[in-house]
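By letter and in written order, the chains are A, B, C and D; residue numbering begins at 1 in each of them.
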Amino acid sequence: MHFALPAEQLALQAKVRHFIAESVLPMEHDPRQTAHGPSPELRQTLLDRAREHGLLTPHASREMGGLGLSHIEKAIIFEEAGYSPLGPVALNIHAPDEGNIHLLEHVATPAQKDRWLRPLVQGHIRSCFAMTEPSPGAGSDPSMLTTQAVRDGDDYVINGQKWFITGAEGAELAIIMARMEDGSASMFLTDTDRPGFILARMMGSLDSCFAGGHAVLRFDNLRVPASDVLGEVGKGFRYAQVRLAPARLTHCMRWLGQARRAHDEACHYANRRMSFGKPLGEHQGVGFMLADNEIDLHTTRLAIWHCAWVLDQGERGNFESSMAKVLSSEAIWRVIDRCVQVLGGQGVTGESIVERIFRDARSFRIYDGPNEVHRMSLAKKILARAATGGGQCVPAKTAT
Amino acid sequence: MHFALPAEQLALQAKVRHFIAESVLPMEHDPRQTAHGPSPELRQTLLDRAREHGLLTPHASREMGGLGLSHIEKAIIFEEAGYSPLGPVALNIHAPDEGNIHLLEHVATPAQKDRWLRPLVQGHIRSCFAMTEPSPGAGSDPSMLTTQAVRDGDDYVINGQKWFITGAEGAELAIIMARMEDGSASMFLTDTDRPGFILARMMGSLDSCFAGGHAVLRFDNLRVPASDVLGEVGKGFRYAQVRLAPARLTHCMRWLGQARRAHDEACHYANRRMSFGKPLGEHQGVGFMLADNEIDLHTTRLAIWHCAWVLDQGERGNFESSMAKVLSSEAIWRVIDRCVQVLGGQGVTGESIVERIFRDARSFRIYDGPNEVHRMSLAKKILARAATGGGQCVPAKTAT
Amino acid sequence: MHFALPAEQLALQAKVRHFIAESVLPMEHDPRQTAHGPSPELRQTLLDRAREHGLLTPHASREMGGLGLSHIEKAIIFEEAGYSPLGPVALNIHAPDEGNIHLLEHVATPAQKDRWLRPLVQGHIRSCFAMTEPSPGAGSDPSMLTTQAVRDGDDYVINGQKWFITGAEGAELAIIMARMEDGSASMFLTDTDRPGFILARMMGSLDSCFAGGHAVLRFDNLRVPASDVLGEVGKGFRYAQVRLAPARLTHCMRWLGQARRAHDEACHYANRRMSFGKPLGEHQGVGFMLADNEIDLHTTRLAIWHCAWVLDQGERGNFESSMAKVLSSEAIWRVIDRCVQVLGGQGVTGESIVERIFRDARSFRIYDGPNEVHRMSLAKKILARAATGGGQCVPAKTAT
Amino acid sequence: MHFALPAEQLALQAKVRHFIAESVLPMEHDPRQTAHGPSPELRQTLLDRAREHGLLTPHASREMGGLGLSHIEKAIIFEEAGYSPLGPVALNIHAPDEGNIHLLEHVATPAQKDRWLRPLVQGHIRSCFAMTEPSPGAGSDPSMLTTQAVRDGDDYVINGQKWFITGAEGAELAIIMARMEDGSASMFLTDTDRPGFILARMMGSLDSCFAGGHAVLRFDNLRVPASDVLGEVGKGFRYAQVRLAPARLTHCMRWLGQARRAHDEACHYANRRMSFGKPLGEHQGVGFMLADNEIDLHTTRLAIWHCAWVLDQGERGNFESSMAKVLSSEAIWRVIDRCVQVLGGQGVTGESIVERIFRDARSFRIYDGPNEVHRMSLAKKILARAATGGGQCVPAKTAT
């Protein structure tokens, strides 16, 4: 066990940090940002810059045109990208494309990869992942899935409704989770301009960092050829797991960058702003918040790295990624909330980027499984281990 | 000591509750709401409704056309009004007008009252309170005031900059806090269309409940006749205290209503939404949040009532109002944050009013003195009492 | 609604405060204190002092020799008594005698009162309440009661095991909860020197404030005449409720006094002890803890008073007392824990009474129903109200 | 960066775990335990067992008879030892001997090592570290040191008072921190049977895990030859730092083991105890506590490992060890407190080892610098870095 990063990882980290500082931070006040995320034009400008620096879609395989990053390398790079709300867009590592690319790499056929994965990796198209449904459909509990896919000749005909579908507006590709006639679930790939694929409305949202915002979709006899099933029929829930554990962790990585940014802004303000005869930060009421921020950032980073390492060992890492998701989302929230408090009026207005980070970050405790669902799952596993395992809480995996 | 409300207070409470439910809640989706609060037209529509029901500006004195509410009565009514983000606008009890009306009632000359207070109470004009300044001026520490007022014949000439000035856009009256040549501070009343009164720009903000949003103001040789000084020259800091303690408490009251609303929304959702085989609320992870909400609402209400009673006894109530502000703003925030979590995706999107309440409420820990400043002030008083008082923490004032 | 105490209550409060300061505090270092509470001799000394001052068993009815205090009066007096760990023993208002006296007043026959209640009120005997059982018996869930009472002629024969029975050692009277042959439960009164009543062993415990400590009891064919059934056969669970809601609240009152004491000790230390160039309390890291203490004490007191008032209206007050128990036990714990931290090394050693208060207070979150059980119960009621009540969280009872 | 432990570390971990399970846990109910720690006889029994297994004083250098563990190896082994309150005593790695051994290895002369270090490592003698003083002396702020050492011929004559001196009773060696005539500080080694070395009294304490308890010492013209100065005259504060950073971290390690033990006890109970129709742990109110425990244990372990690695790189690691101390002591406390709550009545009585762990653990937030002092120190460094460092919170050291 050691914590040293090899030279090439340090170099890549430095490169991305420099890219964000020089090429992305100056764009943060670009007016082409909307309540539903950066405009397509702004996005292309950012992608172009990343492409020039050889940093586009770095998590994709080398074969597809990426850098083939390990999970640990993703941890390092994605944190740096997250330092700006526009960073993940620029590197093409934002949700949901990032997770969709990961999923397609693992499950798609060569033909599907050529048609959809390659342009995704190149930043030419965007995608969305259509799983969540309004009540009484599938929310936190995926078993409540109601969208139906019925076989009709060589096609499947899909009917149903989805919401909170991130990135739907402007996406060329959708991955749809639907229930089969036998009760199992499958994933379907579809172009979004097919008849019956309807973007019912855009949803207002607290966050504004996702290109394409969040939408309500309706499928009205949407016809998808059997060749566009992703992977095998009936394995939808299993593929959801393939996608979710790493996608969950990459969320943690990006958000850690956001929190670090907020902390930096707060530190600088605390040094500069005078109050009651000394810099704000010299009041313990403020200084202690900064100390707690640093501790939260530190433990979050360590937990992300550990989980990334577990995934790099080829493990499923469900227990570790649930822990990382819960603790990251809560620690990061505490950090950002403290930064708002340190910044005072500036923290709740457009005077500081932290207001935007605050709005963007709240949903992290809800996305990718509400923390309550992860805690439920962790508890179940802990109790099962205690019941069978002979008596000691074994430290998390530390041996190959 | 007892907690029973007399019949007339219960009747007024029921009347306002009914008014909010029937006349205000249906307006919550009115499109005339902007990032800088309800539009003037929407505001007038709401004021008209309150006027019809005899509920306009109820905290003003009967002489001025209000209901002459005691602090306890305000506690009851303002909570009810706060149940909708539009409620305080409708009743004309929103910040900063509410506090300005209170201040003018106490300090203004009859001529000033006729000119500005009466139309404020009638809802014909709006006002703003220009105290906070950008660094290195007065933020949390009022002694850092930099805006200057210099005597010139029968006038004062004011120069300086202010920001976070709530309600400035569209306000006809401004109350300006400025430093005198002898180092003391005074308050000045001014029409906002005088030369040298410049609204430099609007500020983006997390909240959107205040009519007129938040603005940056600049005073460029703004000339104010000596007759428009509010009260006596040099008593600006004292008047700020007159305004702040009750204004602080009315914030608590309105926000308590907001939190109660969020809690009701969460409870209904928890009853309705199924997850893992039973209603969401039957999972302890959710049910415990609802229980904690109820506890936080309960203690907040009790502390507000107690402080209102202290003020009604003619006390300054600085200690009690600092405690109430700190505990209310933190308890209310916990409640709203839990409600967002219970609502899941709906809590972070426009699907639920709770998302808006969440955005509106964050600044409460910052406005009216950041909680850190109140804690500092409380600690100082606690230590002084312990040093001199013979040894026991005396329970908060409970005897006339 | 108002918060003023009438003159006679203020006088009684002052009297008890003076009694504790003059007659009880000086006894705190008396060596006749053991891991299982004050010795019988020390207890008699304390009772004698209270008797002299007319303060013995003040909550008992005047008929029985007490002062016939209302719940609000109890709130005021018990807090004062709790200021010393020995105070509740001195006034004969400690658990479990206090609750047992309350129960016997409500349910016992005149003969039972003469035999047991009168000497209890006079402080001549002590009692215990034998309900809790080791697994798989009744812990938090009273329906799991396993101790059996079987009718045999004019007697009942009781068999079973109990533990965590506070005050058992040295108690002359036990109230035993047992299951009847028809599945219902009854309460039995018994002298503790009857054959078959066996004190199996004393239990080590974190706290040491209860006279008689905590014990494991065994009933081995314990024979109790039918005339010693408390109240009606089969109403054990209902009587448990009669006892528990007020007993729960009196716990809150006494512990509030303990927390106030700890806070006073911490304040004095923070004024006295120098560190890094100024008194400890002038460091915000310490001062903020003191401010938070004051807030927690304040809201706890208000919630206790409110609940006491509800009980004084003749209400069952289960919802309010559950809220009060949960919030008091957690706020009080936070206060005491902060005081330990302020006191540093003295807070974790016998140098300060706070170390003892800390040990005594931890179980408050467990006794009288673990907070988790109260939250479960609160959630259930909240959801039922929301489902049926037409839509608004109604503020807690405030009208007669 | 990776988290795999090499085979020899895993083997040593397994060996210690087995030793604790087989040879130490069975001793936990040994009656030779007092309020001031295990008796000398019990301690010798435990040391003998460790000696037999080749596990005595493993952190000492091989030259001195230990295993010459790296900091990372200590992290692994000390956590295992901490699994029983008696484990650190058995392995001779308890405070203050552990830190004193470390200090003597670094600073003592060969003669001093022969005389005191060797028998310490062999478990033949014990030692104490006499730094803390009662007010107005050195508590959290070492600069307030008042104990005086005055040169007199070849000796120093020491006068002063110390308290909270852990392990003093029965210690043969004391390391005394005293102020020199020039205002600097030195450390002195002394046998405790010299004239003028007075153990004034034992202190009652919440914890009972330290052999020799805690004591008040008085030095009354204690005469120490100049050859018994530890290291160089005037370097006392520097040596205190040499001792404190690693000693602080080994505290974290041992306490992590304690918390893990408490968690295991709680898990087993949650599986076994039925309540409201199912095992306790299946109630989310309990299950979520177990999940949070696991998260706290995980982040604590990672932060300890990281800091140990930093120390192994030869760094001072003050920033990292302050973070580790603060976060460990608070996370561990949360874990243990939750375990008490899960265990209910058993958690606050001698029925469970957790009650003892709870008592032992509270002081961890106070010892080795109260967390407030560490936060103050962290804040200062964070602000200095932000002021000079060009703008980004640099992730904690990760490169050699």
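Everything below uses one rule, namely that a residue touches a chain if its C-beta (ideal position, glycine included) is under 8 Å from a C-beta of that chain, and two chains touch if they have at least 3 such contacts.
Labels paired with UniProt names: A, B, C, D = Acyl-CoA dehydrogenase family protein.
Everything quoted here is computed from the prediction, not taken from an experiment.
Shared contact partners of chain A and chain D, listed by label, are B, C. Of the two interfaces, B-C and A-B, the higher number of touching C-beta pairs belongs to B-C. Chain centres here are means of the Cα atoms, and by that rule the chain farthest away from chain D is B. For the pair chain A and chain C, the distance between C-alpha centroids works out to 51 Å. The distance from the centre of chain B to the centre of chain C, with each centre set as the mean of the Cα atoms, comes to 41 Å.
Taking the mean of the C-alpha atoms as each chain's centre, chain A and chain B sit 38 Å apart. Under the contact definition stated at the top, the residues of chain D that touch 2 or more other chains are 283-286, 288, 372, 375-376.
By the touch rule above, chain C contacts chain A in their complex via residues 283-285, 288.
Partner chain A is touched in their complex by these residues of chain B: 132, 135-136, 139-141, 144, 163-164, 203-207, 214, 272-276, 283, 285-286, 340-341, 344-345, 347-351, 355, 358-359, 362-363, 365-366, 370-372, 375-376.
Chain B contributes residues 1-5, 10, 17, 72, 79, 83, 260, 263-264, 267-268, 270-271, 279, 281-282, 284, 286-288, 290-292, 294-295, 297-299, 301-303, 305-306, 309-310, 323, 326-327, 372, 374-376, 378-380, 382-383, 385-387, 391-393, 395-400 to its touches with chain C in the complex.
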